[in-house]
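The next part holds the structures, each set out as structure tokens.
The two complexes that follow have subunit A in common; it is paired with subunit B in the first and with subunit C in the second.
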Partner chain A sequence: MATTTSQQVLLCPAELAYLHSSLSLTPPIRPDGRTPTHFRPLVAETDILPGTNGSARICFADGTEAIVGVKAEVEKTRGVEEGVEESEVREDEKEGRSEWVELTVEIPGVRDDDGGTAFLSAMLGEALLSDGGFVKRLWINRRWHWKLYLDILLISPPLSYPLPLLSLTTHLALLATRLPRLKSEGVEDPFFDDDWAAAPYLYPRDKKSGKALARPPVTLLVMAVGRNIIFDPAKEELAVADVALAVSVGEAAETGDNDMGGKGRKLRLLSVRTIDPPSRVTPPGVPNATNAAYGAAGTTQKQPEARMAEAEAVEGVWRAPRGGAKPLVMAALVQKTLERGGVADEVLDALEGVDLG
Partner chain B sequence: MADRRRINGPAGATIPPIFDDGVDKKTASQKPTRSRPANAVRHTFLKTGVTPSASGSAYLEVEVPGKPGVSGLKLSCTVHGPRSLPRSSPFAPHIILTTHVKFAPFATKQRRGYLRDPTERDLGSHLETALRGAIIADRWPKSGVDIIVSIIEGDQDRETSKEQGDESWDMMNALSGCITVASAALADAGIDCVDTVAGGVAALVREEANNGVAKIVIDPVPSEHVKIEAACCVAYLPTRDEITNLWFKGDMPDDNMNTYMELVQQGIQASKFANRVLVQSISETVG
Partner chain C sequence: MPLDTSAYSLALLRVDGRRWNELRRVHAQIRTQAAADGSSYLEMGHTKVMCVVNGPSEPGPRRGTAGGGGGGGGPGGVAEVAVSVVVAGFSSVDRKRRGRGDKRTLELQTTISNALAASLHTHLYPHSTISISLHVLSQDGSLLAALINAATLACVDAGIPMTDYVVACTAGSTSTYAANDETADPLLDLNHQEEQELPSLTVATLGETDRVAVLVCESRVQASRLEGMLAVGVSGCHQVREILDQVVRDKGRHMIKEGTVEKGMGVEEMEVD
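Right after this comes the complex of A and B.
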């Protein structure tokens, strides 16, 4: 874990204290001048890999870049008795299994059996699978299904915690994914149309506007510093976080009457995970009062940091946070993400604007 | 990564045969149901200091219903350290925490290999997050501690078929057990913590008997419920009223925020129960 989140935050205690206090102001001052809910600007494109069923690339302004390729294979469903002739299949009879999706994350310079990578891929997979409607889309008939391989590649070095980047890229790639059109009917072995132009999207689109009717989930990173809630933290900001959460949200189905008046869509919570903030492993600062170099008497020991551990906190001197976060703070982070017209909403809107093939 | 150092069995899974004991008996025992009230946890046994060679250790066992073929969670945890880091490693102002969660190969219906698979690594990351908040890490610069949890037996019911029991929900129970047992082992090793952290699970379940209305139960056993809609695992520090690790997943209905808050609150409640067992077991050792 520590390797991915905290890869060498090269900040001294004084810098950490400065960052922490400027992020705790109201309104917070972020090192890159963004507002607390402002996302990093990004460049996105889809359908970049002709050999895949769907692909996307996103490049964040800080130089991190990811590619996602989605490949689908037809697979026989296990545990279904053969030879049972059946009538119409009702819509609610369709069901998916979590093993129909395989998700791998590759981060350069990190071993593929690293805990942090396993954590990332579990988190991205969990969001997809929690949304029960997703695996249902892979159902072909009672005996066959699509097996979907999602390969997520970070192609730049991990300059910041790559979670939001990977999640957004996966979202776009899934939106652009097309599966060949099924020609066969009923339970017979599937037979597909070889015309790629006729292939329907995995997430169906509106015929006129070309907008997707449903959308895959997105996972956002949100952290709290003091009383402030900050979205999409950069590496330096994450280094002083009191608590960081990864929140996955999906779009709730519209319930016909759209008379809620307010703008924005209805969001559903799919998963929440606590991210181990790298702030816990940062070095503590030494106040002048106990620092021999500044004329503190009687402190000639070699390591003033060791003594600091037990002393009272001094304003403006960095100390790594101890303990956890209050339940109310955690709830506020989730609430703020889910809000109508909030950040998740804004991100989904922005992704809608990406030209999909 | 394939395990090349051992001779492993064939890749295809084999499941022990389950014999049909006759129709009437089967229907009676087909679906285990929850007999506890929604706000009660299963009884837990916790003992510290079971492994003499480790600096701290603990063993945790969760109550099993009297039914044959059903096993409860059994966990053993050892803590090695704090010990000095090797000379080659860079300076660290804090204790370096390494967590290692492993299912025994025979712990679940599906046999596990000797190498940790992604779900086990994921559990390890969760455990690390939960414990890092509790340990006072800056008292041991330049040192490391290894926390090894082995899951000897998982929460399993042989009667339920593999399709029915979705393993992903079992992971939450396993994690909450891991957190509690690791916290006991840390206390046994004498590593300073701000508080004893304990894990608790709460779930939103849909019952047939209840007209398909969802309700919240704590300490759920996945095989006892028709469908688990959502679940959350909380690592909680009771005296500070703080959460060190929160893991929620599931599909929430529309009025999600209130249900979510209630779920977390019940998770905290479950963790308080676990904490009581934890404190009692530690004070037995001390006293």
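Right after this comes the complex of A and C.
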């Protein structure tokens, strides 16, 4: 589990209780007036750095900003015996290995070996690699392959949990990534076309519409408060979350030749991770019944909060959520993300709208 | 690829077609990022850097200095200028990852921090920290100069009082140290290729004065050539100041026109078109 405790929200127990109860209403009332499935607006651009194979920048409305650059190098595949000549390449011979992708996350003011950063990069990498088709794209021939370096930079200070931002930016950068066109054939040493205009995209595009035929996965942050499921939580909302999940969603490979551009996007769940929400370390409120300031008897001991943690929950008094998520809530969270016309669908549609070079 | 310096004497044009006293294209933006107190984006040729300034603010609990009790901040009741430089792995031609403890990066950080601390009015903010984080997106020479210029712009955007802009530029010489050429001309604003081959120095001045704030020279050069290089560098700094000042003025004008800020005192004389 990742800890998000590095982003402390300065809210008092009364404010937390208020937020929690307004978020658990039906329909929930969010501090910024969004509906539960409403994403915050974002500004995105791709191909911003000509020195990279692909790059993207996304700015969220709360001011957080990330830049992703993708660089590719040709590398010799290890463990392949030399001298075996084979002219025919079968499609099923293409294979990929997870070490062909290297992913680093840089967050300002956080150490390289910080646990949270390592968890973030592991989570982003996991989503990419669990879709086995991705590393296959890096295959050149039996002896050579592309090594892809993904450098993810968070430019702004980490205001909210940056996972969705970093994931969406990586998605766009990979869509914009192009690799030089291969000129050599078979197992000979690779030789590339130096015309960049002829370079094909890593994720091939439709010739006419310019839309990508396949897409890299996205990881979304979903949280639950009571029975309500809330997407794209702001940091204040995350501070009262009962459960927070990172759900990675990919597009299922299209089987057969169904009509292009139809409504037939099939979503596939790639991974689910629970995030330790900062709400777990918030201080509990003290009900009037036991508060010495309100004349409660027998509460002269040193730490009323410590005793409170064990006591019964009182309506309107904040208590940090404890224990795991209920299986039903988890199932609902995942289902809500994946359903047709749901949030993942909407996000992928919106990202499709970003003009890709 | 070695730089062919012999061609220079024929047409007096450098590899990228500039003359000896020409800057590369400088493009700058300020207030690029809403969440920070100050931010800027600067391009000097193909060198691209981004800067985000936060503060002056009370230092976070993590950064508590050893003193304890009195909060953070630099010594003597002035604000501490904390600079962090992140060189992106994709910034150079070949991907090279620099860790946070990299000695070159540390030296860049210290140089920038010292230069800015001298120009910013840090005594107005005791027990506080001004944290400047710089991101290098693309490198093509004159990295330190670009970082200093970007940091200055971001500090202007953050509204931290300062004596004047700290503007930086590089200067070099047309022939290598080994050539020992007495007639070598000085060059302004070196790119990566030139920086690899030729002696170069980075100079930062305080605005349009001739007061030098930073002078870094990491290559061997004959002492007789140094004066010429320095003079060219300082004049380059003055040009850079003009450009940066124009960027700040344009942004200010734009913000007044949009009504983001009130027209302050003394702005009446300024032409708002």
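We take it that the second predicted complex is superposed on the first by the 341 of 357 C-alpha atoms of A that agree within 3 Å, B and C clash if a C-alpha of one lies under 4 Å from a C-alpha of the other, contacts with A are read in each partner's own complex, and residues count from 1 in each chain.
By our rule, contacts are C-beta pairs under 8 Å (C-beta built on N, C-alpha and C of every residue); 3 or more make two chains touch, one makes a residue touch a chain.
Given the structure is predicted, the values throughout are model-derived calculations rather than measurements.
Placing subunit B and subunit C on a common subunit A by superposition gives a fit, with no clash between them.
Once the two complexes are overlaid on the shared chain, A:Phe39 sits clear of subunit B and of subunit C alike. Once the two complexes are overlaid on the shared chain, A:Leu270 sits against subunit B while remaining clear of subunit C. Of the two partner chains placed by the overlay, only subunit C lies in contact with A:Ser55; subunit B stays clear of it. Set against each other, subunit B and subunit C touch different numbers of residues in subunit A, with B touching more. After overlaying the two complexes on the shared chain, residue contacts for A:Arg322 are found with subunit B alone; subunit C is out of touch.
In the superposition on chain A, contact is made by A:Leu245 with subunit B only, not with subunit C.
Look at A:Glu65: by the touch rule set out above, it reaches subunit C but stays clear of subunit B. By the touch criterion defined above, A:Glu106 lies against subunit C but remains apart from subunit B after alignment on the C-alpha atoms of chain A. By the touch criterion defined above, A:Ala118 reaches subunit B but does not reach subunit C.
Closest C-alpha contact of subunit B with subunit C, superposed model: 7 Å. Common to the subunit B-facing and subunit C-facing surfaces of subunit A are residues 112. Residue ranges on subunit B touching subunit A, taken from their complex, read 1, 92-94, 115-116, 118-119, 121-122, 124-126, 128-129, 132-134, 136-139, 141, 163, 166, 168, 194-195, 230, 232, 235-237, 240-252, 254, 256-257, 260-261, 264-265, 268. Within the complex, the subunit C residues that touch subunit A are 33-36, 46, 48, 50, 52, 54, 84, 86, 88-95, 97, 99-100, 131, 133, 135, 137-138.
Partner subunit C is touched in their complex by these residues of subunit A: 49, 51-52, 55, 59, 62-65, 67, 69-71, 73, 104, 106, 108-109, 111-112, 149, 151, 153, 155-157, 159.
Within the complex formed with subunit B, the residues of subunit A that make contact are 1-2, 79, 97-98, 112-116, 118-119, 121-122, 126, 129-132, 245, 252, 266, 268-276, 280-284, 303, 305-306, 308-309, 320, 322-327, 330-331, 334-335, 338.
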